[in-house]
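Would you mind keeping the following structure in view while I ask a few things?
The letters A, B, C, D, E and F name the chains in turn, as written, and every chain counts its residues from 1.
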Amino acid sequence: MYHHVKQLMYTVRVGTPDPRFGNMLLEQFGGANGELAAAMQYSVQGLNCDDPDRKDLLMDIGTEELSHLEIVGTLARLHLRPLKNNRDAAIADPMMAIAGGGGVNLYNSMGDPWTADYLKITGELDVDLRSNIAAEARAKIVYERLINFCEDADSIDALKFLMTREITHMKAFTAALESMGKPQFSIGAIPPTPGLVSQYFNDSTGVGDRGEVDVRGPWNQGGDWEFVEAPAFQELQSEIMGTREPSEDGGSERRTPPASTQKTGPKKRTA
Amino acid sequence: MYHHVKQLMYTVRVGTPDPRFGNMLLEQFGGANGELAAAMQYSVQGLNCDDPDRKDLLMDIGTEELSHLEIVGTLARLHLRPLKNNRDAAIADPMMAIAGGGGVNLYNSMGDPWTADYLKITGELDVDLRSNIAAEARAKIVYERLINFCEDADSIDALKFLMTREITHMKAFTAALESMGKPQFSIGAIPPTPGLVSQYFNDSTGVGDRGEVDVRGPWNQGGDWEFVEAPAFQELQSEIMGTREPSEDGGSERRTPPASTQKTGPKKRTA
Amino acid sequence: MYHHVKQLMYTVRVGTPDPRFGNMLLEQFGGANGELAAAMQYSVQGLNCDDPDRKDLLMDIGTEELSHLEIVGTLARLHLRPLKNNRDAAIADPMMAIAGGGGVNLYNSMGDPWTADYLKITGELDVDLRSNIAAEARAKIVYERLINFCEDADSIDALKFLMTREITHMKAFTAALESMGKPQFSIGAIPPTPGLVSQYFNDSTGVGDRGEVDVRGPWNQGGDWEFVEAPAFQELQSEIMGTREPSEDGGSERRTPPASTQKTGPKKRTA
Amino acid sequence: MYHHVKQLMYTVRVGTPDPRFGNMLLEQFGGANGELAAAMQYSVQGLNCDDPDRKDLLMDIGTEELSHLEIVGTLARLHLRPLKNNRDAAIADPMMAIAGGGGVNLYNSMGDPWTADYLKITGELDVDLRSNIAAEARAKIVYERLINFCEDADSIDALKFLMTREITHMKAFTAALESMGKPQFSIGAIPPTPGLVSQYFNDSTGVGDRGEVDVRGPWNQGGDWEFVEAPAFQELQSEIMGTREPSEDGGSERRTPPASTQKTGPKKRTA
Amino acid sequence: MYHHVKQLMYTVRVGTPDPRFGNMLLEQFGGANGELAAAMQYSVQGLNCDDPDRKDLLMDIGTEELSHLEIVGTLARLHLRPLKNNRDAAIADPMMAIAGGGGVNLYNSMGDPWTADYLKITGELDVDLRSNIAAEARAKIVYERLINFCEDADSIDALKFLMTREITHMKAFTAALESMGKPQFSIGAIPPTPGLVSQYFNDSTGVGDRGEVDVRGPWNQGGDWEFVEAPAFQELQSEIMGTREPSEDGGSERRTPPASTQKTGPKKRTA
Amino acid sequence: MYHHVKQLMYTVRVGTPDPRFGNMLLEQFGGANGELAAAMQYSVQGLNCDDPDRKDLLMDIGTEELSHLEIVGTLARLHLRPLKNNRDAAIADPMMAIAGGGGVNLYNSMGDPWTADYLKITGELDVDLRSNIAAEARAKIVYERLINFCEDADSIDALKFLMTREITHMKAFTAALESMGKPQFSIGAIPPTPGLVSQYFNDSTGVGDRGEVDVRGPWNQGGDWEFVEAPAFQELQSEIMGTREPSEDGGSERRTPPASTQKTGPKKRTA
């Protein structure tokens, strides 16, 4: 059950309305990484959650995001109010001006309607927490960009409040995930295929127009990484060059192993 | 520049086509967590990326996902082929039957068109990597569920190949993030407001119909966590009870601090 | 500011989960006339509202709808739970099964994502209240249909609670509109063109395959109604028949009056 | 069966094309409350309608809206024509310029594609008529705003014609609803639960940052209204205050009544 | 201006309603290649069209498609009527049953809302005619599939009428395009780059799992076709093999020609 | 299987970034006729294709379009880069600025997310080829318009490369269609109804406000065309005029023929 108190969680003031900035603010009202998306993602995850502890967490933060939605909406409303009567201002967001009379609605800065397609909800708690950590990181950077484009000191205060809370949530979700005690790369119940899981496929090669090159880093060397050079390329090369080596169990075998044998994925590069 | 070789990265076979399963498979072809979403998310991030090392990583994996898209599409195509001529089968996905003639298209299991709204691309590299880690976790659990509903051994082989690769990518993205050397909760350049960032708002309280209760855990106690009891509730209570304590700068002050003073957010609970 | 209490506004129980019915219930969770649509429509209208009295009303009901969203979601969750492990059940909603693990999400019974395009928000208070009255009427009939298709007594109890509340809201919105004291057909500030406003255009004529005929009723006769026979037809007829009457200011004049003269719209039928 | 005559229902002229205004006009061409939405809503309702009298009405007005669509499209086309060759003009709507060559298309002023999600069609005649009354009110206010932003006298003439017709339709739909003779709040066949239907839940309380307060009005007092103070709040308060009164059948009972007893919803406030 | 006559262009009858088939029929009512898409595509093209002759054609056929929309809607309505009261039938389309009361709406067989994104309108007449020819071909094959899945003789009659008309329109659009007298591959005003326009890039090579091979045909040999072997591959190969031939103006030059020199695209294969 | 080489198929350079133009370029990145749409349309058609020869063609061109997507994305990225730090520039595309940090994403110039609804895929090879021919024509004209609005010589070079390739593909698809040897208007297996297929319905008549008139041309006269005057009109006229001729098998018969008799559609005009 929800209850609303009329006071905002953070009182907003606006000196000079800035319709262009109000339009940008809609990214956090009805946009992909905005407050409604956050509120709905966590609240619906909470509704589905069978872990009583983290369910409480999801409902706490889901509810806080509703209060944030109200803050952002109020702030945007103040900046967009001139759209109703001022045609120059209306250009900042014709839909909010003509269809909305200068009020806000759940659309982003380009007029896209908020859609549940923004949500990442899987019903697998640790996976959902990872999605939430990423969502908070995205929301944080979006608030930072809004602050950078904002010329109104009071608006900046409110945005800093909201931005800070995203980090709070990121920390809480991270603690909730870590306290589950699952190994870092263990998702669900079916284990990945050993060997194959450690192969890094070098699918993009060559030198780019701006000097881009192939790179080795901790994401493809060291540990148990096995580096597989251009899986698609190995065979094509021999084909075109006319030097394809005969092999009883060559290219096609590696990709269509008998069900009973080990699957190893593409050939590794024999250094 | 892209090149296509006709051999699949993992050869697929289907014993008995299973149209209902073919329809489910579309989640990974044109669905929210599917292979096109992965391919586009990483490739477009790569295109935007200014870090030459991790740009290579993004292009490698983005390209591999295109090869996965082809595998999933081929597998779904084999399971959906009966839709063309068999009306009973067509019920599994009328749109693919009537509009598609039993072929696949970039729609999910409920017929929603693939949309770029599925993508999480911010142009902030470490944030994007977090989104990718979460995306791989989601894709892994979706493949696991498909495996659990699949009755065809050959299809399961292919799905295990694909599922395994998601973990591979999750590991690579994690290594790429960690090797950036950023503090765990440092996003962007503007720091969160001290104090406020450590306050946990207990916005969902009481006892639920199924015994849900308020919970304390590492996500709201210990460390520098400060627990704020029901921010909205503190004031309302006094209002309704008629016992609102007089305060010159009380409730409203905390939310409308003078621009020059420290912002601390809602009152903490004085235990 | 929002606060959540864990107890539902109406406790739900489900005897035997019914996945097909759970799927239907999603119409009121993530569907066009569902509880999120209601909650957002009224709350955002409230946020935009400059009338302090009716703003309170909008926030009251907007908040109640959030509590309803939670009830419907909990109920649907209980009916859809078998989707996670039971493939036969999964057919009722493959996306909720495969992508959602048997949990709910903000999609309707056909898997369409909830979209802000469902909302009717104009920022003109009396117009918004009319939209709300219609919205409540729609929600009521949808609940009635769900009740008619529901075989679980406990679920029916919950649905009757929700259905009843829609009528409550319909009454409240109607009272709010009437108490504004605006004339019934006065919208905005610019008056309609006299004369033209009373003309009824008979644009659909003839006898249909199932005996459909032209009808006169209080919507086109009596009062100040003026009946205009087939505006398009009058001229065409004469053209084809070769009997077009010469007229200096005939057909085209009526549609392109000099800016300074009275505009009367299409010719009225001279009975 | 439809027939088209080449003459417009209202001839449009444009003195100086105004691309920004042409873009705004698209709200009534391909927008949420625009002419295609009206035409399709009424025509499809008409197609479904089993009441022969009001079916004729729905077809009459649905058809007239097609003629209005043509007027708006022609007017927008004249204002947008410079987009084809003038890059400054093209900024007013880059999609119409680049993809459309300066022609119109069924998108709104922010480029959103027209979608059937705009439509409100339930197949319950009196409900549909309520939706139509609201739709006409919305369309009227949108035309008024367009008129207010329009600097071309000829365009204003056409817009006044269209605006007036919305009131005509609003009157006709109202007469059609009233002549059905249904009690005002009787929707469908299942009656609301007595008692519960008259309870007003005060779900938003306190004093807002701009002085918003709780308000009593004809929508929650007088008649048979029963005012229920903050349903969620009553219990929480006692819980936190440590003064929860013992009750055998208290809070939870009210929400989970035995199936055989009367359901009364949340406790009423005992004044 | 439009006029509607109540008689259908083709009277429809339905022996035994078939809800599953009714659901399939929605592909031609609110689906991507359906009658509304056709009606709107041609009518809006017509509205934009500056060629007086072909503008008439576009309006003729655009209007006819509205009459077809009415036929398909009536037919689908008859097949879907049982959805209102029969729960087993309702499974065929829960949204039409619960939200629509067994009536039709502008959604396809999977419940996707009709969207203007289905339309292909460029404002370039000959291009639009090509889009229309393709659209008619698609609509024809969709009707054929519906006929193949239809078990009701009367419905088949109506579908054959509609299917036939698509071919009629395809012929008319083809004649309209041919009579414009434009060379077959001349689009717009800027000519393609000579040489480059005749190069066929063999971007997909090798042998597939089902024996797919590289093929030469009239689309890449004969005439002025120049066959370019795997543009991406040529350089990579040499790179990996260590045999990259030194070239002053080799691969990279061809892609970054000085602005003043001829652009020839990727190297042709020197046979 | 796909492989990526870092070099672009056409190296792009940008002198002075032009954010407004960068925004326009997104039409070809994430827009309806853009490179992702082309890549996906052809590649998915190829995946479904059972004709081994044309399957190779579809994969060749589908892959080339991926390389084009990369070119357009790189070019747009260079033009949009100022969005990240320059607020004036950000106005060109607030979503790309705020949510994307100045990077590109798969949205069009108005911020619409790329959607699979752009694709035309039927699984009927010759129909798909027609859709592809039209798609290439559209893409060509869009590139031409971009060139006309582009002020940067290097960008124009790249756009000319891309524009030229569309004509190449149009030629290839045309050759592939023609080499199938199907009669021009033969689609699918069920023949159209003779007689009816040759009737042209004159559904739009009269004289328009700008002098539009009824036109005869090769699309409705000559050959086997039979011209049917205003099908809807013939009967209405007689009805209203009171001169409806008695006819046993008149108007209604023609539309409801006994199942066993010839269907001829609307009456032809007896010249």
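Convention: a contact is a pair of C-beta atoms (placed from the backbone, for glycine too) under 8 Å apart; a residue touches a chain by one contact, two chains touch by 3 or more.
Remember, it's a predicted structure, so these values are computed and weren't measured experimentally.
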item	value
Contact-graph separation of chain D and chain F, given in steps at minimum	1
Interface numbering overlap (same over half, different under half) for chain B and chain E	different
Rotation angle (°) superposing Cα atoms of chain C on chain D, nearest 5	180
B-F compared against B-C, more contacting pairs	B-F
Chain A and chain D: spacing of chain centres that average the CA atoms, whole Å	33
For chain A, residues that touch 2 or more chains besides their own	1-9, 11, 32-33, 59-60, 62-63, 67, 84, 99, 101, 107, 110-113, 115, 117, 122, 124, 141-142, 203-207, 209, 212-213, 230-233, 235-236, 252, 255-256
In the complex with chain D, residue positions of chain C that touch it	3-5, 7-11, 13, 32-33, 52-57, 59-64, 67, 112, 115, 117-118, 120, 122, 124, 126-127, 130-131, 133-134, 137-138, 140-142, 144, 147, 153-154, 157, 160-161, 163-168, 170-176, 178-179, 184-185, 187-190, 192-193, 196-204, 211-215, 217-220, 231-232, 235-236, 251-252, 255-257, 259, 263, 265-266
In the complex, chain F residues that touch chain D	20, 23-24, 27, 31-33, 108-112, 141-142, 145-146, 148-149, 203-209, 212-213, 230-233, 236
Residue ranges of chain A touching chain D (in the complex, touch as defined)	1-8, 11-12, 84-85, 87, 90-91, 93-95, 97-99, 101, 107, 110-113
Complex contact set, residues of chain D against chain E	1-9, 30, 36, 40, 44-45, 47-48, 59-60, 62-63, 66-67, 70, 73-74, 77, 84, 99-107, 113-117, 119, 121-124
